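Notes follow once the structure below has been shown.
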């Protein structure tokens, strides 16, 4: 951490801050210039609150040097984390594709789609039973009934299940059925939910919030890990920018960044990122080419009848084409 | 709602969509051009999912004409909503100032600050007992102990309390103590929490999410209202943009927009928006000048010792100056 | 400037960088920690290119401590700059209102509007003769004919003129007629144009680019000033964010920030920021309340016939109301 | 175009607007609902200014249905445009790599790098002679001397040249030397420069502005094309978002979008997008995988001595590795 003092900061004040930082266990080196003094802090500064230092009226600014996360950091855990789900492995060079409908709508719908994605080579089945919707008037999911259908589809196809957990109240029921607990973008900083997931043993698929920085994203992973659950799979699903042609802007740069600073696996959700089925395949290719560990894709056999997100769901043959393209690129990377 | 067909959409497909929309209770008017056809829908389109229509490959785009919210809309409720809290009124031309520390830290700290803000004319006391923090290693609040201290401060000063409720698990305990339930920016789309708050009778202070559009903000208010609680106070607290000089970018344009489309009161939080105490007073003046119904301000007698957000907390005398400036502008607007 | 070394940077490499920085005239202080070393640089680091240092593979990151601008900085010029235009003064506590049509369309149109804004108390006349338009098919302005009409309006009303200069080719003709050279948002980093304006003696109204940080904005002012023209008036006119309800997001926080770090006057353009006439008055009030030195406002007596930007132009009586409100707030601030 | 009237718009006003739109050559279909009326316009609406209609106080909003560009649109030019430069073809399935230093610094530097990139398979040589720099104190390029060196490198290596043209004043000298005129991100809406480039016969590489929407980007291409130059190559180079880990956010979604709505070729600049050499290769792979027509890459044999953008320049062997990876992916797509 670096503390930049204002140009006219009195000597005593600088000395006072230096002493305080030392009392918190840091080494402090003072660099004094004509106009400005800088304090360089070395040691574990994760527990120092920059805001508290910045409150001092003689402080110009406080610059962080270290990442604020530790368990999620590659610095302290150089090798890739591999999350095991059933007989699947996520991370460490494996490419995993999770596919299925946005929402579970009926037994017929789910079973039809589950068979299709299985046949085309998907490794896991996605499907929402509890759906976060912007409007209270939209379809909110089948609830536990949907979870039961997911279990049925798992029994038939052998694919592990990934489904969203939206709140503490329904946490246990979701946890009873699912193989991966999905925490959605809107809940990325629902800290109570993160802690609860951290106390569980089930792997967590954590989606990046719409306006979350990469650092905040990893801090949310840190929340889960600090409670004892190391099995976190990250998911980039687009950030909010000024561009409105696509629903969000898929930030593929985040993949190599996260691979550099963290050991956690990261997959990409091109369906939610773009909101348009026609863009799902090219962005899936790009995601694998950039180094992602997998994809999560929405597939529907009748998207124009889907109860949610029809516009971004791939029809079966298009999903087949995508799987083919992805495999060929994966073989190269 | 307007459905724009692709340039080569077959006639039968256009006719089919027209019929389907009519079956959903809408009047549909077809405008056919040389290159493009447009379907104009009239009626209550709030329950039609644009994504489902967009899934049709012959559809170019779907444009919404109506706002998707109803209870929060001024169209169906032309007069301003006034929320009553104790003997205070929020909305309808009253200016309400909520002030206090970011977090309740100790009895001495809270009582000291409560007395100061009361003396300077604050109407309500703010203070966090359960704190959402980006880092799991940061101070997370005193919990119920903090709520008890808030009650004590209320008893002494007579000021109603506003404090954050973070999750379903601690909802009831917070609800027992507080006069206004604050829902933070990160929880603006925590739909389970919104529904729970909607079932309560306690007024809700709903903060705008960091990357929430005005429409999404009002949809979250709609969630609360659709469960039966009409007492929603909105709070603009800055949106996330590329500018890093201030923590967030306070969107004061949102105030006149929301006053136009909604009847709900809206206040402004310049402390969180800027993250810098020196900017709180000028932006408070601007907030009142633009037409906000009040302010929520962080005050601390020793900001450099604050356990959270010290950098944005006003010292007592600065808060006094702010109150003076705000009152004079309020008298004009 | 602070250079953070990677955790395993070899000692010789650290020493080599230290020497290089010293050879560039900086004092360098090394802080060595267990995991990480930090180099603190003191002295004039404005000419050191952080990118060059960052190219070293042992460097983690380079953090700037000083602002990169000097002439525009309040540190070296503590008192407010006051720009004189005719008998008007901009900056130093004066409130100046520039008003007029978006584009000069005809003699009748310009003279009508000029008289109206003069009557309501405007200090200067705005109007575009050369118009930057997103579409090549839109009205591009009357050119020199428009400048002649502006001169005529100035002769009759006595108001100095502010009009946009778009390129080097038409620079001299615009400079011949105008009292203030307006450089538009899209040209904020048209460095050739900035240098040309810097060589002129005419005051420059420099608009903030749609996605310019405050620092970049001031660096563009620095370009003008470094060529010898100290008469720069800044103009905040909204930045581009995800919010689409308003055309841009007016960043009023930028006003106190710029007042703190720079001595240059700054005015606000609420017409372009919002794109909606109904929001111009409330945001004008807020702009003055937050500390801006003035406003630039679009006024049109027949906005529904305007050849550009009709939607954001105020009708005469609404402008009168705005002037009244602004004067009362200005008296307080 | 669709005009949505306010809920209480008087009938005569609706009729008046309908007549006016018809007088501008559009067919107009009125859809009347209980609360709201909608006017659907069919015909060439590119020359209608939505702002003018929106100025009417009875108009709620104006929604565009057609893209505002025509020459750049695939609707009127279904087959891919192929731009020929020397014996290279850009667009239509060819993958072109332009590589070289950020800035031409000296004969030795340029010749060294030119030979290296040629040897590794680059098709064209990039290098800046006139450099747009945020700071007036940074290296601004060698000017015509740099152009002469580029010509020399072209003569030796046979690679066509791409270099930036910054302003009207130096347009002719740059045009004399270069094979492709590069228009930088900051000049994307420098309309005078676009028009000048449109009057030239030299192919133009148009970079997307930092905060330009895809539509604005294509409108800038339309400016060039409407002056008679059809040889426009687009370049995605990152947009500005809240994320600060990378310099900009590379918007790879823009590639399939532009391929859908336009016939122009588009390449990707991962060097400027990320600002970090370590991310250039993965994003280059992704760019080709998503369907881009090529890349523009910064290479420097001594990046830590580069006079600009050293941090994002690839060393020779890394560039070789990139070329290898890109070719393999290109073979698949």
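First chain written, first letter: the chains are A, B, C and D, and each begins at residue 1.
Here is the rule we use: contacts are C-beta pairs under 8 Å (C-beta built on N, C-alpha and C of every residue); 3 or more make two chains touch, one makes a residue touch a chain.
Heads up on the chains, UniProt names are A, B, C, D = 3-deoxy-D-arabinoheptulosonate-7-phosphate synthase.
Note that the structure is a prediction, hence the values are computed from the model and not measured.
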{"item": "Number of hops, subunit A to subunit D, where each hop joins two touching chains", "value": "1"}
{"item": "Chain separated most widely from subunit C, comparing mean CA positions", "value": "A"}
{"item": "Whole-Å separation of chain centres (CA-atom averages), subunit B against subunit C", "value": "31"}
{"item": "Chain centre separation in whole Å, for subunit B relative to subunit A (CA means)", "value": "25"}
{"item": "Centroid distance [mean C-alpha coordinates] between subunit D and subunit B, Å", "value": "38"}
{"item": "Sites on subunit A at which at least two other chains make contact", "value": "211, 240-242, 244"}
{"item": "Parts of subunit C lying in touch with subunit B, wherever the complex brings them together", "value": "211, 213-215, 239, 241-246, 249-257, 260, 273-274, 278-279, 282-283, 285-291, 325, 328-329, 332-333"}
{"item": "Residue ranges of subunit A touching subunit B (in the complex, touch as defined)", "value": "46-47, 49-56, 68, 132-139, 166-170, 186-187, 189-193, 195, 209-211, 216, 219, 222-223, 226-227, 240, 275, 277, 300, 303-313"}
{"item": "Parts of subunit A lying in touch with subunit C, wherever the complex brings them together", "value": "2, 4, 7, 27, 29-36, 38, 40-43, 60-61, 63, 65-66, 75, 240-242, 244"}
